[in-house]
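One chain, subunit A, links the two complexes that follow: it is found with subunit B in the first and with subunit C in the second.
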Partner chain A sequence: MSNLAQNVAKLARIDLPDAKAEAVQENLEKVLNYVQQLEAVELPDDIEPFFGAIESVNAIRVDELQPSYPREEILSNAPDSDGQFYKVPSVFDE
Partner chain B sequence: MQIEQLSVAELVEHIGKGDLSAAQCTEHFLGQIRDKNDDNGAFLAQCDQEAADAAKQIDASIAAGKSLGPLAGLPVAVKDGICTAGVTTTAGSKMLSKFVPPYDATIVSRLKDAGAIVIGKTNMDEFAMGSSNENSAFHPAKNPWNHDHVPGGSSGGSATAVAARMAPVAIGSDTGGSIRQPASFCGITGLKPTYGRVSRYGLIAFASSLDQIGPMTRSAEDCALVMQTLAGHDKKDSTSAPVDVADYMAALNKPLAGLKIGICKQHFEEGLGDEVRAKVNEAIDVLKSLGASTAEIELPYTQYGIAAYYVIAPCEASSNLSRFDGVRYTNRAAAEGLEEMYSKTRAEFFGEEVKKRILLGTHALSSGYYDAYYLKASKVRRMIKNDYDKAFESVDLILGPTVPTTAFKFNQHAADPLAMYLADVYTVAANLSGVPALSIPCGFDSAGLPIGLQLQARRFDEATLLQTAHQYQTQTDWHQRSPQS
Partner chain C sequence: MNQTLETTPAQRDAVTDADVTLIVGLEVHVQLDTQSKLFCNCSTAYGADANTQTCPVCTGMPGTLPVINERALELAIKTGLALNCKIANYTKWDRKNYFYPDLPKGYQISQFDKPICGEGHLTISDAKAAFETRDIQIERAHLEEDAGKSIHDETGAKKPSKIDLNRTGTPLLEIVTKPDLRSAEEAKAFLTELKLILTYIDVSDCNMQEGSLRCDGNVNLHINVDGQKIATPIVEVKNLNSFRAAERAIAYEAARQLRVWKKDGLGIADAPKQTRGWDDANQKTTKSREKEDAADYRYFPDPDLIAVETTDQEINAIAATIEYLPAKLRTELMEDYSLEAYDTEVIVSQGIGVVKYYKTVADFLTKSASGLKSPGKTASNWVAQEVLRYLNEQNCEIGDYPVSGGQLGELLGRIAKGDFDQTRGKDVLAQMLENGANLEAAVEKLGIKTVDAGEVEALCQQIIEENQGVIEQIKGGKVQAVGSLIGKAKKLNPNINPNLVKETILKQIGI
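For the complex of A and B:
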């Protein structure tokens, strides 16, 4: 598990400088060691997982056209936009 | 008239009769915030102009003799993880330091429609991850009973605001105890409703299958009045339940004769503070004197609640918080390409605890680990739910302490974060199983810090929680005590 912090940080798209990796790793291991106790919990063979506190059927509604929020209000929260779309740094190297 | 000591019903009645204007009432509480916020940090933002405008409208309606909503003129503080149109909503995070939502959360719309006035946004642990408010990216709120102690979390600002009389009502959210634990630490009443009872639309999600919004007030009666407005199905939240809402106010005055209260031995074992134990036992005697009876029950799988929670909540958080990537929400770090922009933005604007939980969740959901972590935790979650279902076949309520201790000091758990996680040991199971739960004050320790009593009930039976809490509060005055600061 020595590179766990760095591998997971890469998956989660969180920059983790080498200098901080060890401390982060230690912190993660503390929690992982604690939750490891779940491994030993004995359960009935046929037990189903419970993913949500409401096990409802699909909530469906009539598909009616409704106004959305104004584009300029949504884009006003963006760090960068051209008034029509979000702008991001280039995706491919030129 | 000491405005800040009036109950919700009294405030609404005075405003409706015209002997207190909504403008005066609003200005009074805004003044309380101005006076106290530098010292206790309960609020991240004050809505002076918006609140004054809303109050003026209420007063105009009263003058014109129009019919009023059930909460007309009532000032309300809202946790900063809940969206308010046109008012900065940060969720306690630098990531959203400039985020201005274009819409109100459903509960904010409901409160406004009922005539309530939003006076400010309350402090919180970043993205609701924490039990002390020390994880607020801005500054921690402080416990009004003693500023060296934490107010609890994550809805610590909401609890501080109500306890310090800066707002008669605050709205919080509870994922593993985030309404009840700060309510306990600050000596107020806090209700986490049944999962699905209150719409989550506009609540900035932490762990979607666990999050619930609820009221934080001084008394159970105040809580019932506000809950009546919050509860109900919302077509914008497909997990909100199409279940009729009970008449909570009508339930309050029913006698407790015949009520069966379950006591779980596990809640009174190792780790529980002696003073907390003594006060909770006294509360049991009060409820017995009102006609309730007690029976021992077992919730064997709840001992794994914290472990299951620290798998499930981070997994859901790692998914929910992936939306904060520097594209849509206000802050972006300087970077060369897209990949670097994502990872630098997330590194710079998320706090350490949030990053830790995202990493935990990402690890637990990553290829090869899913069965051992998320699936196993979700099966344990089923067993916890089954425990509750079985217990509620024989009792109406489950009673115990809300938290093992009273409020701890700032930095007390800095060296051992797991010790802080255990502050939620009695509260997480209600989120995992979905049942409603409430904390009310039941005494003080020798240092003068409040102690909380937790009641849990069957799904959608908030009425019995509020009834029992109210009946208890007719016999005790813990909920009426005010801190000095």
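For the complex of A and C:
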């Protein structure tokens, strides 16, 4: 797991300086080792995986339209826009 | 399969097309025809002004919660049933994590290990091989939300990209086949049949220009080298925006992979999966500008959504909404209407409207005891030639065709009875299309009157007297010369039945 911290940082698009990487790596391993204790629990073969803490199912809604948000309001959340589109740095800039 | 077999250039040079098997699997994204998005109530309508169909849910604002669209579930199940898939009684939602500017949440809500539709199959038939059928296995079909649309600066000046999130959250069903397709033509046949089924069950408008049907292909080759099978690296071909593009891209990719392998000899274990895009303008695939790292989507169950359970009863209720499937209609037309496979395909490929129209015409002819040997075939000739040509020329749907199936049936019945011939019948149809669909009015307008038997006899007698030269030729064995006499008869009376003229003349001169 030596590249764990750098790999996670890369996937999360976070710049992780080497000086900090070691400490992050250590902490991450501690967390993972802690959770890994669960693997020691013996389970019957036929048990279904558990996907969430809520037991209820079927929270669904009818297919009907409601007004969307005004564009101006939605775009105001973005760092940059031209009033019609969001503007983001060129994707192929890297 | 030997994935690491070393080959020599001489061995590779000796490989011929007969040693190569093309392996293709398809991933097809179908936009389901809902009013609102998969997890919020914004509209899915195409073509609105940028960013006018979004809300805090589909733009991924913190604190918002997605709620599943019931209709999207129904349409997904309906599609799965039409593709013979096992429908899951329990299905759940997972996050597929990746960063891209048109994916505002930083993840796409999709389905990982519990897709709504499991294994199934779709039957294709090969028009070039006597319509021989083959089942293409389907791996799964799962629901997911669409991403937004990026508009990149193509000038090379690295200007900002523009993002429109209207499409974000639109419900997609991703249909994944097993690597079962063996040629570019088969891939095209699969896509054509899939689109036809989706149209018949009315779950998507399948408009490829608007992105309602999108296709990617996974392509590689299995090459036989001295009895050992070698697989070339898998390439995912994206941007297959039409069926023709899909067919050409796969054919191109097969040839390219063989060429590259003959040069470098690299197998599936030697190179990572590559993504290439189809460049329609230049008719070739090019390496995508994506990063080379193997994708790591870190799927995990979406904690914002709970599972969906569907009972068999609910699934059966959805199955009951499937009225027509092309495969079943083909069988019906061939068995009940005695049509050949080719004629059947012409009708069925036009959609349920044309099939219903055809059946009305054929049923009318059958019931009217027209004496036709094959009323089904007569009806199919007229629908395929006259009706479809009109729809094509006028660029309209069968619902807009001015002459009803019953009226066309009536017209064909009159032709069968010998009231007028085919050519005259086409004039009548043209008249009905132009001036309202009333058959009698059209017949009257063209001045068509039924010519009684006495009139035919008299007219033939006159022609025989005036054309003794031709009669001598006929008597001398040149029976086809009677054709010129039929022409003369039609000039004298355009309503006369040419077959009857021929019969009568030959009878009168004793042949």
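Assume the second predicted complex is superposed on the first by the 83 of 94 C-alpha atoms of A that agree within 3 Å, B and C clash if a C-alpha of one lies under 4 Å from a C-alpha of the other, contacts with A are read in each partner's own complex, and residues count from 1 in each chain.
Definition applied: contacts are C-beta pairs under 8 Å (C-beta built on N, C-alpha and C of every residue); 3 or more make two chains touch, one makes a residue touch a chain.
Quantities reported herein were computed from a predicted structural model and do not represent experimental measurements.
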{"item": "A:Phe51 touches, of subunit B and subunit C: first, second, both or neither?", "value": "both"}
{"item": "Which of subunit B and subunit C A:Ala19 touches, first, second, both or neither", "value": "neither"}
{"item": "Touching partner for A:Asp82 - first (subunit B), second (subunit C), both, neither", "value": "second"}
{"item": "Greater subunit A contact set [subunit C / subunit B]", "value": "B"}
{"item": "Which superposed partner A:Val35 touches (first subunit B, second subunit C, both, neither)", "value": "first"}
{"item": "Partner chain(s) touched by A:Asp63 [first = subunit B, second = subunit C, both, neither]", "value": "second"}
{"item": "Touching partner for A:Arg71 - first (subunit B), second (subunit C), both, neither", "value": "second"}
{"item": "Partner chain in contact with A:Ser90 - subunit B first, subunit C second, else both or neither", "value": "both"}
{"item": "Residues of subunit A at both interfaces, subunit B in one complex, subunit C in the other", "value": "11, 13, 51-52, 54, 56, 59, 61, 69, 74, 77, 80, 86, 88-91, 93"}
{"item": "Touching residues (chain side subunit C, partner subunit A) in the complex", "value": "34-36, 41-43, 49-56, 59, 61, 67-73, 92, 97, 99-101, 150-153, 158-165, 289, 296, 298, 301, 303, 305-309"}
{"item": "Residues of subunit B defined as touching subunit A within the complex", "value": "98-100, 102-103, 194-196, 209-210, 235, 238-239, 241, 301, 304, 306-308, 310-311, 318, 322, 325-332, 335-344, 346-347, 350, 355-356, 358-360, 362-363, 366, 372-373, 375-383, 385, 417-418, 421, 431-434"}
{"item": "Subunit A - residues contacting subunit C, complex", "value": "11, 13, 51-52, 54, 56-66, 68-69, 71, 74-75, 77, 80, 82, 84-93"}
{"item": "Subunit A residues touching subunit B - in the complex, by the definition given at the top", "value": "4-5, 8-9, 11-16, 24, 27-28, 30-32, 34-35, 37-39, 41, 43, 47-54, 56, 59, 61, 69-70, 73-74, 76-80, 86, 88-91, 93"}
